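Chains: A, B, C and D, in written order; residue numbering restarts at 1 for each.
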Amino acid sequence: MTDLGIDFAQKVLDEQPFSRLLGARITAFADGAATLEVDIRDDLRQQFGYAHGGLLAYAADNALTFAAGTVLGPAVLTGGFSVQYLRPARDGTLRAEAYVVHAGRRQAVCRCDIYVVGKHTGSAADTADTADAAEGEGGAELCAVAQGTILTAPPRTDA
Amino acid sequence: MTDLGIDFAQKVLDEQPFSRLLGARITAFADGAATLEVDIRDDLRQQFGYAHGGLLAYAADNALTFAAGTVLGPAVLTGGFSVQYLRPARDGTLRAEAYVVHAGRRQAVCRCDIYVVGKHTGSAADTADTADAAEGEGGAELCAVAQGTILTAPPRTDA
Amino acid sequence: MTDLGIDFAQKVLDEQPFSRLLGARITAFADGAATLEVDIRDDLRQQFGYAHGGLLAYAADNALTFAAGTVLGPAVLTGGFSVQYLRPARDGTLRAEAYVVHAGRRQAVCRCDIYVVGKHTGSAADTADTADAAEGEGGAELCAVAQGTILTAPPRTDA
Amino acid sequence: MTDLGIDFAQKVLDEQPFSRLLGARITAFADGAATLEVDIRDDLRQQFGYAHGGLLAYAADNALTFAAGTVLGPAVLTGGFSVQYLRPARDGTLRAEAYVVHAGRRQAVCRCDIYVVGKHTGSAADTADTADAAEGEGGAELCAVAQGTILTAPPRTDA
């Protein structure tokens, strides 16, 4: 377990130009778990008005890696991951909660649950589009689940 | 097999605000295959200067879905995918080449190979960072591979 | 949610010659969750004496599908899954606990945790081989995690 | 690239009791690729008479690992893999063709295509069950595709 705190994690995130472009933030980072959030801005949507699947994949990738970083330290890289989409996310904030399932010396396997929270802030018509409107104002709905492997970074010559 | 052409595909991509934000374009779209390209701008990088893994995941997600669209038609959604990262991509253009492995009535399984092309356009120092510099100027290097499932879109009430 | 009970699930399992060959049994089947167990017989091992990874993959595949069956009904088929191996399993029983993460009309996404339970029944030498011997006699250790998609079965002509 | 030949590979396979139980054999092993075959015996089926999905998952797991072994050497272990099922396989032989997509010092990423070959040896009624009967006598049909990561084995204390 490393001593890195959430300020360190947010600093690393801020050093990722792509994460700044998307407006991501780290809201939890400790003890084998990390949470990354992204507000669903209009420029992050796909053609039907939902958050783009690629945005959810970004959130999964990064949250998995930060969760692993809490136990493997800062020198990590993502080996790969699998993501399944469950529901479209229209409004509010994507919250990717990742946690370490198992960590060895060379890699960690993590899972991630991606929720949309504080949604239904749009018009009534938007809300009516969804099958799950009853879950209602401000609730958290599971939008995607992911599972992946994060490696300790090798010397720079072995990518 | 659908009659949709590359102009239609580019139009759909342009209707995705997220794809416009990232500067993606469709360069092939026919007969069970689609290619999506994104230039590696500085605002698409992670903290070590490479293209962010989330960008590669976006490219995989979208290319897989467009490839499936060539056989399933335009009303498709991504069920999920798995991506493995092989090498970091520093400079040039990401080219995600996706193709249908099998298509049924309800879903298609596709694979995607993500290359970086036209790299080594940076400084000599950048080039020296990589283990594979010998592959050289203008070549295509495989950076990530993905495999996923794309579904025909159900009625709007079943997400 | 279906009315199928554990007796029905065991009957389906018994109709799978492959599951009989491996000696699998269903020990839980209700409300979006199913548990499948296999005793680690000597003919189920790989060359180093551990349960073969293919056995764990079988257990994941089948447990995921039975879990989905509790909500989708008996006419289901596995679309695919991802499995990550965490630790080798030497002795005792593999217990694959699967649960539905999200179910729609056409498919369910499930996760599965595969434990080895009642292990360390071998010799002291066997126990000393493992890094986690301290977890000791009779405990449950997580050996693999999986995540997959199960579909409602289409008409027989669409495989 | 290692000097191991197909005889060595078959010997390793024969040291796996589970592979002997299933009747698996290695039919190719060289230069970043390996092929594993299993005849579809009656005791390897599921309840509808098709080869069990778990058998295909076993074939994927093992073929991926042997393919990696051609470049990483014999001390390898499977990190994990993703498999998508495309078509049921009724009669004949499962042939899992795996190949290395990228190999580094610590791991290899491989893909695997699983075919059923020499099928349609059953009754006409069996043949009529399938949507693809026209592909006919003795052809090879793609049944599943997989993608996975194989690691060089760490010291025995780190599972």
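The rule is short, and it goes like this: contacts are C-beta pairs under 8 Å (C-beta built on N, C-alpha and C of every residue); 3 or more make two chains touch, one makes a residue touch a chain.
Just so you know, these numbers come straight off a predicted model, no measurement behind them.
When the C-beta pairs in contact are tallied for B-C and for B-D, the bigger tally goes to B-D. Using the mean of the Cα atoms as each chain's centre, the chain most removed from chain C is B.
Annotation: 34 Å between the Cα-based centres of chain B and chain C.
A straight line joining the Cα centres of chain A and chain B is 20 Å long.
Between the CA-based centres of chain B and chain D the separation comes to 28 Å, rounded to the whole angstrom. Across the assembly, chain C contributes 79-80, 82, 84, 86-87, 109, 149, 158-159 as residues in contact with two or more other chains. If touching chains are joined by edges, the resulting network of the protein chains shown connects every chain directly with every other. Interface of chain B with chain C (complex): residues 79-80, 82, 104-107, 109, 149, 151, 154, 158-159.
Listed in rising order, the residues of chain D touching chain B in the complex are 82, 84, 86-87, 101-102, 109, 111, 142, 145-147, 149. Of all residues in chain C, only 12, 15-21, 42-47, 52-55, 57-62, 65, 77-88, 129-132, 156-159 touch chain D in the complex they form.
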